[in-house]
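Please read the structure below before turning to the comments.
Chains here go by letter, A, B, C and D, matching the order in which they are written, and residues are numbered from 1 within each.
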């Protein structure tokens, strides 16, 4: 359906050619300062056209809060939000070749098979405009996570075509074992990312390579895909619900719901499947003393390495959560395409107008928004449990922490394995 | 939570050391023949120990239907299922080193952070035994899908470590453009897969390479990961709910909820992000005449290539749905590991007993089961819509199929792009 | 939360003083003709002020469809709807006595306890304006039910204060055994109901009595409650999901979610609890031949009496579903009220302006709307099951219908009872 | 479906004639002491046969915890529970007259219409055995509520047939204005209720009247209905989610899901609809000083009267929540009944064996159990919000509590009304 989340629940509406697009966000914590100014920046980063990134006064896609706040403070009631469509008039049938051909690798055909009605825009809600509601809702989630826990969410372009920020090597089949990568995700922020327009890859050298390849495909009237890496810092521990709603499962669901996505990897990802357990395992170490300005405290232990991507057994362990998302080459290309029409006979389809040869840079804020929604919902599930637990009478110690035998006598601790 | 699906809803329970594990499956269509004999084969394929695969009489993990059937026919009411645990007695505290060390890359630490209670088994529901409920429920879903639509679901090992069945090449960065791969997923069945014990990779040559590498890691007291490819044939069109519950998003959710998974790719996957749109797009062609023995009819169009993996705009198009799932190296290894204990001081942890150096072959039926659950839930959502639609008065033609202009006069059709 | 339904899912937003109120309706069947003209009539019936009922051109509360239709046909995608608020400006704090006193039996105090934020309107979403979204969504559900199954939903005022349309008697403690009542619910339509302005009680005599009592309470600056009866005709059989989502449970949930409701009774209701089983049981009879213009056929059997209110074992049996809903006297009265303020000291609260002494007549379309939403969601749940079932191979006869022994040999059939 | 609750989620399975009945309870707070001994007492109170009430050693319906606890402490993971059926063998078809007649006012006919399969037990999950899972799960909820908040839930028989504990009078059309009733619900406990076997009505005089009427109907081979009143004390404030999941809506849903229920009233109920607003409104008063042994504190204000039944605007205000539930006369009676068979021809149905002439006393623990489930789910929803709110930076005062003008200068405060 058009709803994401159980506790922090976002419901969106809107096609390309209707009156408006928007959403209702239910479950927003009451008493949080919130105005359109908290939401608009990500809306603007999401706009098509790379120049939009640096233009401070983009008057398009203005979000308008309908309900749920008063005097700039959330009431705890649902927040309605709306963005007007500019091109509201559905096209007439008959004078448009989209009526004859389902566009290859678009949603025209599948929407018709699903609903039995052909929207004039072809793919109905598969339009990129549908992501507006996600970004608006994500900005609210993100504000809460930042204020309550100091959570920071930053995404950036990791590859375009075969050009990678961190090219896999035999030594590092996954970036998760690469110190440079780990250093980057520890420090990167959105300002740095946006300084690398138009590709949003935080490296002078790599972004040059990527720009070049995008231009090549553009010139060929072709398109190209790529990947986005996203890191979430200061994630509280304990997020993710066994066994079907593991945190990585929710993140995967969130990311694969973004149009044009082809894959998701958590932590070491597919590359990590090539690494031996002896290297892949993340040993525990005592967590560094925290400056503790944010939230309800950080965990006592952390991991020395982070191949797990901050999630173990489906639950966040307090380390950085990071993941990759793959985006396919845009289906709309300038080249003529041989394809069958709705009447089952072959023909040639040619797209006119300007097309984006690569959606990856523009997907960056959408990935961040969906990450915020996924984490926020998991946070509220865990908050319910934490408060429920806190009201129960205390138990005797359930973990004997002070045995200390293993270290003292030099013996290795031994564990058994269950299947 | 421990529930998967909205219409076909599976709820599971059980840890390693409790009395039993099991599930309740709600929403099973009434009037389907069903006994334990329909469920046990996948339960047996899931059992640990490769020899189990070929042993016909494995008396362990016998599933017992509690409710929801009479005289071998489903009533439409919830089906309760139960499998006894053999090792029911939780270990006493104090005489086990698992009380002192959270195992690296296991769930011991995160379960403690989440629940504030340490189960004797360490990771609570992160145990592999939890997957029993998934496999039992998946077998029911699968039976319905096969009977109603002729759906076939087959998974197999695609790589272990760096050994691939189809090694990516510059020409084929993704197997989805490789005719050999496409041919394989068109024909493969479970009998063939199981003939390649112990690795379940359907290629004499590749399975040799994989066996060898597994043995190497076993001998080193180490472990290794790999990937599973799964194909679903005869998928009805129209599955997947825009915009958050796209079919690939539900599949990704399902797969990343399996223990030890690191990534998910649909169709061309991450490799497809390196391929130009002009190659990646799947042109439509008229579907071949169908022998039509199954279900409510197949679509009029199909695609010439299938980089989409049978899903476009989040909705199934009738072509084979296929995807890859990455599994990390098992966290339990024989080697000693330096790590911090619950008391924040370092020590050495060593696992005793026998460990599985690679979970990939055994994950094959679990992947199939979760695929069945994901497809089944999407099927029932779409069935509700189809029947709702069928009762409405007919509309005038909403798609002008007979224009035919583009082909007739040789002009290319032109489309505009929305953002 | 602000969401009702699983398959036909309505999410609403909006307080009294925000920009707009509205809703998103997800799961609307595609291919149905739908414009604002289908929705506005019930919106207008819901407007405050009895004169509104007869005024054909009420320009207030105009609903505006944002998405989900094209050329007046539903696309199957979410339908966004919006109604502007006229009084958008929240009141300033400090110069309003509502800042000092939580109004007795209003939601001011409980909203503050729940959210910790005091909205200027006091009770946040407890405002009657919140029901706008329900009525808009209900009109869509109702249109589908009418077109697909010929469902008719009609509500009317059954009592105000102690004045009843059918006063309970020792012979008829419940109207369900009263032939006059059964005749009324068989024929009543909205046009008849609206002809009895201002009380909407379909009886010249009873509506006179009711009008009189409302005037008395109005003159005393007091208020009075009453009850609404609603009948749903042509309900398909098989609606309602055992065991927690029985049809009467869903209707009760729907009705008790309407502001100011105090009770719900299905069929014979509380009065039926005084009637012996020998009278209360509804014997089966062969259903009359149907004129069969609508939908997928009516059941072969019906009941001779209908104390069950069309629901047995939580599932509709095809007979009229009918129920009563109780509404309390409005909490806002002209009289001065002694009550404690937020500062815990006593004071006197006096409401200024005009108040409605009785909400019952205006609640009539709201009850109908919620009934439509409840039935619609149950219909789609059952449609999914019906279509799922229809694709399975046929079974041997599971009910031996032709034994005929009991009738033939004059023996009474004997059954055993389970506990 | 067979699931109740969102945060504290109960899923049940089981018919009369299958292997077992049971449930999975997900979302149980971790770290709570829990064994079968916490659950069995309510299971035993639910058993048929009034003598069971006083028999300490009833070995039937023993509940067995399958998972989710270790060493008597909840782990936070799902708790599986199971109770064996004694009569596991479904009856053969053909030699039972239940195959020929759908029993009047039973679920035989509607189950067949819904599922298209006739279970040998006739009504499938409509059997009273289905309530076992509710009672088992309710006992867990109740234990948490008592430990965390001191919540007390007590139900009792309020009427049988026309015999009432508090007969409505012109002065008190609702018991909510009757001081004797208010005194009773302030003090009643289960021990007192159970001392009034067999009817569970806490009054020597009324229980005599009720016993007599039950005997009369039994002797006539007939049956009779009645009502149960339930009170919940020490309910935290802030429970209930606007606007569709108001606390009374959830309670109504819960109660009407119990087999044989016909109605639900909150607080003053239907009788309250006859009372003027000036009497029905509950003025606020300063709450009495609390002994404060339990939970997170009680509210500063309470109400002088409690016609609201502890709920205003759909949200609990801290006063006692109380409600009535109506139960119909049991459908199974000894008298012969004329009714149509599945083959549409008339016949005579006669039940053999012993039948319960009145289910009301036995429904008492089931009402308590469903109340516990409803309150528990609402508690966890509110706990999530409370904790989420607590981590936000503090706001400036949003309610000016100290103005004091109204009281000081003797002016009445004036409020305006929104529609």
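In this section, contacts are C-beta pairs under 8 Å (C-beta built on N, C-alpha and C of every residue); 3 or more make two chains touch, one makes a residue touch a chain.
Treat the numbers as computed from the prediction; the structure is a model and nothing was measured.
Counting steps between touching chains, the shortest path from subunit B to subunit C takes 1. Any chain bridging subunit A and subunit B, meaning touching each of them, is among C, D; the list is complete.
Subunit D has its Cα centroid 43 Å from the Cα centroid of subunit A.
Centres computed as Cα averages put subunit C at a distance of 22 Å from subunit D. Our note on geometry: subunit B versus subunit D, Cα centroid distance of 41 Å, whole angstroms.
Counting partner chains per residue, subunit C has residues 1-3, 12, 17, 27, 30-31, 73, 76-77, 114-117, 124-125, 242, 385, 389, 395, 398 touching two or more of them. Residues of subunit B that touch subunit D in their complex: 1-3, 9, 11-15, 17-24, 26-27, 30-31, 64-71, 73-80, 82, 90, 114-117, 119-120, 124-125. Interface residues of subunit D, counted against subunit A in their complex, comprise 6-7, 27, 29-33, 73, 76-77, 144, 147-149, 242, 295-296, 379-381, 383-389, 391-393, 395, 398.
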